[in-house]
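Listed after this line are the structures, all set down as structure tokens.
Next, two complexes with chain A in common: one pairs it with chain B, the other with chain C.
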Partner chain A sequence: MTLNSKALKLAGLAVLAAVAIAFPYVYSSPVDTNYGVYAMIFVTVASAWNIFSGFSGYISLGQAVFFGTGAYTVGIAARDWHVTGTGVFLLLPLAAVSGAVMAVPFGLIALRVRRHTFIVITIAVFFIFQLMAADFSFTGGTMGLPAPFLPWQAATFNNPFYFMALGAAAVTITLAWWIRRSKFGLQLRAIKDDEDRALGLGVRTMRVKLSAFTLSAFITGFMGGVWFLYLTQVLPSSGYDPLFDLTIVLMAFLGGVGTIAGPVIGALLIEPGRLYLNTQFTNGYLSEILLGALFLLIVLFVPRGIVPTGGEWIRKFRSRGRAAIEPEGRGAAWTAEARGRQGTSDGRRLEAARRRESE
Partner chain B sequence: MTALLWTEGITKSFGGVRALDDCSLEVEEGSITGLIGPNGSGKTTLFNVITGYAKADAGAVYLGGRRITNASPDKVFNAGIGRTFQLTRIFPTLTVLENMLVPSKTKGKHHALEQLEFVGIARHHDQLAGTLSYGQRKLLELAYVLVADPAVILLDEPAGGVNPTLIGQIAGRIAELNRTRRKTFLIVEHNMEFVMGLCAKVAVLDAGTVVASGPPDIIRTDPRVLDAYLGVDVDV
Partner chain C sequence: MAAEIYRAIADGILIGGVYALMAVGLTLIFGVLDIINIAQGVLVILGAYLSYSLSARLHLDLFLGLLITVPAMFVVGVVIHWAFIRRLRGRERTAMTLLVTYAVALIIEGILYEIYGASYRELNASYVTNSVHLLGFYLPYIYLYGFALAVVLVAGLYALLYRTRFGRSVRATMQDETAARLIGIDVNKVAAITFGIGVAVTATGGMMFGATSGGFNPNSGYDLISRLLAIIILGGMGSIGGALVAAVFMLTVESLVTIWSPDWSIIVFYAALIIVLVVRPTGFFGRAPVRAQ
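For the complex of A and B:
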């Protein structure tokens, strides 16, 4: 990467940050900022999912366990300890910890198996939690729990939540970026490629997987707490919502699993769209039907996601048959080699494009 | 010379098939030991048992006097045994340099690049490992085993499916590691030229048992070896 493209990237990030911060001042109506809050919540939880599932290849459909637990933890603690007013925000770290605490036994059981079996177990654990929330009395049963009243103006009620979620999103994205290139992240990605080989290189794979799982649960639990205070109530079916899991997985797949920008783009595209459909059509099933259709389209046409595939298209369009990577910088050596072997250069080009994308 | 790695009476069955039958093998410290035998004689199974990828039904594995029988692959690696696979297993979606940083006990990027330099693929460090040729993958596998500085290195067919030039390069690196860094090697290989040229001692495995072992020249003419390779009752 040249210095120029690095500066360009930083400038781009600065613009994005400025736009994100300015958003609630430009679109200040609560209807608009509501979109912002939900979008940022989902950017965060989708990125948290990506840190574990995207990097390790273990597709978790049980993230709602942590989200719901975070929400319920804040609700129960506020109720039992009589926390009122803005003091409830001090309970958010507890929501994060409760998510992480759930992830340890959950992970120790589920992470012993791989692929489809792992996915099925995460779904099973998810339903156990949903049933428990409905059946126990300390969770408020099917009535759920209300959040303490916040004495804020209705016109600007959403703004603190927006900035809280935006901050969490920024931290999570930075964390994902940093982990991806750390030794921990490399080991996670090695597990995705060939777990047994990683084990044979001394990688304590269980510990690595469990750490990532717990970290993603920590973040997701925190966001569950934020969401609960924002919505001011939690029900077994809303805190432990199967659509929550399907949605974040869809977001990550749409944007590009395992990339940093993928889950962010996916969340920014899907969540506002879903909210819009739900408010425009009182029949709430329409957005679900469309989500399902979208999933099929993604699997058929962009199975690797917008970020990797889109990057390829752009490069193909730009290069129009010439070598996709300009022979400059560190990529030069192999590009020359790839040119020498026109027959096989296509596959190499794809690999290289994918790598560029992920950087 | 004392043995650094040895097995005692390893037995391993898959269903009704006895892949290893009372298999005892010694690898002397600082040696390059070859392990040969016909297809299906249990060479790779023995590798798997030593490195924790398969559990022995009976018997024991020792490394420097320490019993490591049926330890998990990560523990075996951290105890000081590195291995490569017959069909190379690298991490294709990571770059070559990133591959080098996956193992436990790595010593940073600089050291990793030195190892890549040593095996001769440093100029590919920035490309995806999945784009390497088969022979280059073998070299990468050797290199990332080296980063953790294991005492014993097990190579499963390092010359299999590799072009002659690269075979020479691989053999050269093995010999140099043995000479200058005192690395101990146990090598499974069908390329007899490769084995006979590199190894001071060769063990022959047949039907899961070590039927002969000794210097290459003696092994070459041992009737039991010829039996194992060419079938019983063949006149030589």
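For the complex of A and C:
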């Protein structure tokens, strides 16, 4: 990569950051900033999902377990410790920790089995949590929990939440980018490709999978807390929502599973669209049908997502009229990866990394 | 107390038979196509609504109505396979099919809401309300009839799989798809018909569920699918005998716990799943996973 394209990328990122920060000042009505808050919450949780599921190939349909647990943790702590006003924001780290604490036993059980069964167990665990939230009395039963009152003006109520979610999104995206380049990320992708081989190469697969799972739960739990304070209430059916699980997976698939930009783009496209549909159809069933139909279209026609498919189109466009030989080196590896053959190249890179280490 | 326990055990076994039928469909689809049909739960509910429409509008007997709903659900299954499942190939196929069937479930659920609304419905007939007196408790006739029908259908499926040429090709495909293809089995046809059969059993399951669950609405599919998934994991994915044993076991445990606390019964249901998985990750009758080719 030349210096120029690096500078160009940095400039692009700076522009994106400036746009994101300027958003609530340009579109300052609460209706518009509401879109912004939800979009940023989902950018974060979809990226967090991607850190575990996208990189390791273990599709989790139980992220709502951490989201709901984060929300309930803040609610219960605020109620029992009589936290009021802006002090509730100090409880957010606790929400994150509670998500991570849930992820350890959950992961220790669910990650012992292979992919198909893992997905199913995440669904089962998710339903256990939803039922527990509805059945226990300390969670407020089916009535759920209210959040402490925040003495803010209605006109700018959304802005602090927007910046909080934006900050969390920025941290999560940076973390995902850093993990993808790190040896940890390489190990995760080696697991995705061929877990037995990764194990044979000396990857401590359980430890790696569990770390990523817990990290993704930590972020998701934190966002659950933010979401709870923003919405000011949590119910068993809204905190532990099966559509939440499906929506974040849909976002990642739309954008491109395992890429950094994919879940971000997917969330930015889907979440505002979903909110808009909800305002258009009062009963919500039609938006459910549309969400399902959109999902089918994506999986059937752009199964690898916008980012990898778009990248391929751009390359085709650039190389038109030239010989169809892909350049050697980094570009070639990237192309192979985009075609879903990253398996072999990841395995090779992992072996190379190990060799370098032992030397 | 004794009567309560007898009743709980009888309930568990009889309803377990019906769940076994639905779970066999799911585990059969998994065994042959290597996919998990998340839509199975909502398809059961669709079957229940079909029975509801036939009995409420046309005043057709619930069991006679099955002559219409079973073939209808078979067609639904073949169409879903043809339109969506068949097209998916490649490394991510399992994950993709899971998401596709989830999306299909959402669409069916939304359509059911549009047509029937969110209010709870129940299937009614003389044998749903009338009971037989047994061992000190009353049991509605539908439990007995439904269990008998489930036994006949599971036996029929078993005969189809183990006594016919088609069954041999299904089992060959379950063991090794590539080898089955090489010896001239039309794997696509086998897959389509298996998916159709797996979905067709939901018509019977739906009718029974609608008559015994005390009310259903389009949202009931989530509860059902999570139970069915727990059952087939516990039995060992792809094992038909395992699905039978696990269904009866789980439902008996659940109905026994219900005596003590209805709120906890469903949690115990899933806790049983987790305990079994900790001890034996492949379930009761599951084989160790074969390394991917």
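Methods note: the second predicted complex is superposed on the first by the 321 of 359 C-alpha atoms of A that agree within 3 Å, B and C clash if a C-alpha of one lies under 4 Å from a C-alpha of the other, contacts with A are read in each partner's own complex, and residues count from 1 in each chain.
Following the convention adopted for this analysis, contacts are C-beta pairs under 8 Å (C-beta built on N, C-alpha and C of every residue); 3 or more make two chains touch, one makes a residue touch a chain.
Bear in mind the structure is a predicted one, so any value in this text is a computation, not a measurement.
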item	value
Which of chain B and chain C A:205 touches, first, second, both or neither	first
Of chain B and chain C, the chain that contacts the larger number of chain A residues	C
Contacts of A:187 with chain B and chain C, given as first, second, both or neither	first
Touched partner set for A:274, first chain B, second chain C, both or neither	neither
Touched partner set for A:196, first chain B, second chain C, both or neither	both
Set intersection of chain A contacts, chain C complex versus chain B complex	194, 196
List of chain C residues in touch with chain A within their complex	30, 34, 36, 84, 87-88, 90-92, 94-96, 98-100, 102-107, 109-111, 113-114, 222-223, 225-226, 229-230, 233, 237, 263-264, 266-267, 270-271, 273-274, 277-278, 281-282, 289, 291-292
Footprint of chain C on chain A - complex, ascending	57, 59, 109, 112-117, 119-121, 123-125, 127-128, 131-132, 135, 194, 196, 242, 246, 249-250, 253, 257, 283, 285-286, 288-289, 291-293, 295-296, 299-300, 303, 340, 343
Residue ranges of chain B touching chain A (in the complex, touch as defined)	51-53, 72-74, 76-78, 82-83, 85, 89-95, 98-99, 101-106, 123-124, 126-128, 130-131, 144-145, 148
Of all residues in chain A, those that touch chain B in their complex	183, 186-187, 189-190, 192-194, 196-205, 330-331, 333-334, 347-348, 351-352, 354-355
